[in-house]
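Shared chain: chain A. Partners: chain B in the first complex, chain C in the second.
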Partner chain A sequence: MSALQLAILVLLTAMTVISALMVVSVRNLIHAGFWLLPFFLGIGGFYLILSLEFLFALQLLLYAGAVMVVVLFALMLTRDVMNPRVRQTNRLAIAAIAASASMMGFLLIVIYRQMGALTVVPGQVDAEAITRELGRMLLTDYVLPFELTSALLLSAMLGAIFLARNPKVELEEMEG
Partner chain B sequence: MMLENLPLPFFVLLSTVLFAIGLYGLISRRNAIAVLMSIEIVMNAANLNFVAFWRYLHPESLEGVVFVLVTITVAAAEVAVGMAVVLSIYRLLHTVNVDEVAQMRG
Partner chain C sequence: MIEVVVQFFRDYPLLWTFVKAVVLASFTLLIPLAVIWVERKVAGFIQSRLGPLHVGPQGTFQTVADALKLLLKEDIVPSGADKRFFYIAPYIAFISTVLSFMVLPFAPGWVALEMNVAVLFVIGVSLFNVVSILMAGWSSNNKYSLLGGLRAVAQLLSYEIPMVLSVLAVVFYTGSLSLTGIVEYQVKHGWLIWQPPIMIAALIYFICALAEINRTPFDLPEAESELVSGFNTEYSGMRFAFFFASEFANNFFITAFAAALFFGGWDGPILPPIVWTFLKVFVMIFVFMWVRWTPPRLRIDQILRFAWQFLVPVSLVNLLFAIVLGVR
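Then we have the complex of A and B:
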């Protein structure tokens, strides 16, 4: 691995891990929402390393675009998200550190035990054919999950509209 | 491509660390929107794992990538519905802190 590749890898890893840490730890939630952006970009960078340009584009559009905007909008519509005097952790904070550390410990033990099975060389893929093959698979072998996903998106959209509307305001608009 | 010298355990360890970070935020945050942001971190860690295992172990068929596509779609739907729920809770109770919304606690 050349020095440039190593530098890119270290930067990408540091960006992803540090921004994930900032998302869960900063007190100002607007800042936490903006820290999602380098996190999603870092994950997208790893998709690029794994030669998945299509997933990188999806990651940019859906996560760094849509999800982050929705999160920031919801943050701006509620209150106490930028007040530095308001506590942003509940009384389970210490227990949360213990729980996630022990979860990580268990996973590390499993990974360490399976290290022999994990040391494999990556197979060759035709990077240009991946997107074409993905489209073919989604409309042949995986057409049922694909259609179910579209039904899920439609019902989620209707549900979100139904939940977020304000019945009182609509009533007043009808009357006056 | 730089993947030849990059072992699979690197990706597995990275997604383990990200999963633990997301789990911490999921438990410790008070604001419901911050909890949803932590869920996004956990989902992205899982996606990275799917893709890495696909790329190293079964690059001939694209099942792992199809899984990730479905996960991304479900995550988008989850965010939309989750934010709608959070906003209607805020309208009712004027708070989105999950420890203050305890009306259904027995």
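Then we have the complex of A and C:
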């Protein structure tokens, strides 16, 4: 690894970790939303230095683009988010730590199991073969989890619409 | 002489990358000057006036003078603004435009970064523009700015979906996610615009492109007559210039993207490829302006309803046709 590559890696890691910390520590919800952008970009940068261009583009499109904007939009539509007197944080810090710690634990288990296959410095990878294999696996071996995820997202969306629906307004619209 | 230069840059690839970045950024700053001049002339023509005349021949340097004026103006920040985000929002818009120019092939080999997922990259990067508009609208601490920002997000997100679906039709037809690959396919097999499903996709793309760059039937985020100036109400001087420049550069980019997707990019007889690219782009920009100065502005609910209840279903069905009729 050359000095330049090391520098880029350190910069990317710093950017990702710092912006992730900012997301969870700033008091203003909108600021937290905006801090998501460098975080998602940092993750995309890791894909890019592994020369996984396809994953990088998807990260950009889905996370840095779509998810980011939808999160911000939801925040903007939340009542009283602009009011400085309304407290924007809740007291669920312990539960949040527990949830993310368990997630981290699962990831560590996966990484630990694959330890033998990992190299310290990833060499040149055949990005196209990896992308093809990824597509094949998603639609054959892992088609059930894949479809379940989409069903989960769909139900989340329906739930959001149901919760956000205001029956009174709808009635007025029908009459008018 | 030229070999020495080429050899020099081959020895220092990092420097070469830097040069490319500088050239692209300057291009993104300079092309709006041309586009805005054309816009003023076309607007003048459509409204039976002459447009700019006095600075330079046919008023060519009017925009240059305006840009210089904007750069010299005081940088005003509203007292209640969210300063950090207020400062960086225009630059995010500008960077997103520069990044999308990065993968655009102007002529064979004239592309700053050959990326085999260029189409996805462009769509992803164009969403940063939405973030910057939202950031500007929110951080200005102004009702009109905030309304403009919210409208921008609702509108751009709604039109992004049919736009992506129509671009996907091209991707399925050519089997390539690379812009260079798509253009080369058209050089070999003829322009995609003549294929029936792609023709519909191009039409949808055209409508969505108008919405994406906030041109008049869709200029809700700015809407001078209702929202002062929408999301950029509070911006002045250089920051305003950056918003303005990135909007017009985006106008150029979105037509160049359409040229590459539907009209064979640099493909054309006799004239050199780069001339063909610019010719196609400026013809399309002219059409965009023609639309801008003809119909009036719509209402935000009409615009959103049109996107979700008409464009999305049509583009989905069209995508199905494109997949079935595509080459493989």
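As a convention for this text, the second predicted complex is superposed on the first by the 97 of 176 C-alpha atoms of A that agree within 3 Å, B and C clash if a C-alpha of one lies under 4 Å from a C-alpha of the other, contacts with A are read in each partner's own complex, and residues count from 1 in each chain.
Everything that follows uses one rule, which is that a contact is a pair of C-beta atoms (placed from the backbone, for glycine too) under 8 Å apart; a residue touches a chain by one contact, two chains touch by 3 or more.
Small disclaimer: the values here were computed from a predicted structure and weren't measured.
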Contacts of A:50 with chain B and chain C, given as first, second, both or neither: first
First (chain B), second (chain C), both or neither touched by A:76: second
If touched residues of chain A are counted for chain B and for chain C, the larger one: B
Chain B versus chain C as contact partner of A:140, first or second or both or neither: neither
First (chain B), second (chain C), both or neither touched by A:65: second
Which superposed partner A:34 touches (first chain B, second chain C, both, neither): second
Residues of chain A that lie at the interface with chain B and also at the interface with chain C: 58-59, 62, 66, 70, 73, 77
Complex interface listing, chain C residues touching chain A: 14, 82, 85, 115-117, 120-121, 123-128, 130-131, 134-135, 138, 146, 149-150, 153-154, 157
Chain A contact footprint on chain B (complex, rising order): 1-9, 11-14, 16-31, 33-34, 36-38, 40-41, 44, 47-48, 51-52, 55-60, 62, 65-66, 68-70, 72-81, 83-88, 90-91, 94, 96, 98-99
Parts of chain A lying in touch with chain B, wherever the complex brings them together: 1-2, 5, 8-9, 13, 16-17, 20-21, 23-25, 29, 32-33, 36, 39-40, 43, 46-47, 49-52, 55, 58-59, 62-63, 66-67, 70-71, 73-75, 77-79, 81, 87-93, 95-97, 99-101, 103-104, 107-108, 111, 115, 118-125, 130, 133-134, 137-138, 142, 145, 149, 152-153, 156-157, 159-164, 166
Complex interface listing, chain A residues touching chain C: 4, 30-31, 34, 37, 53-54, 56-62, 64-66, 68-70, 72-73, 76-77, 128
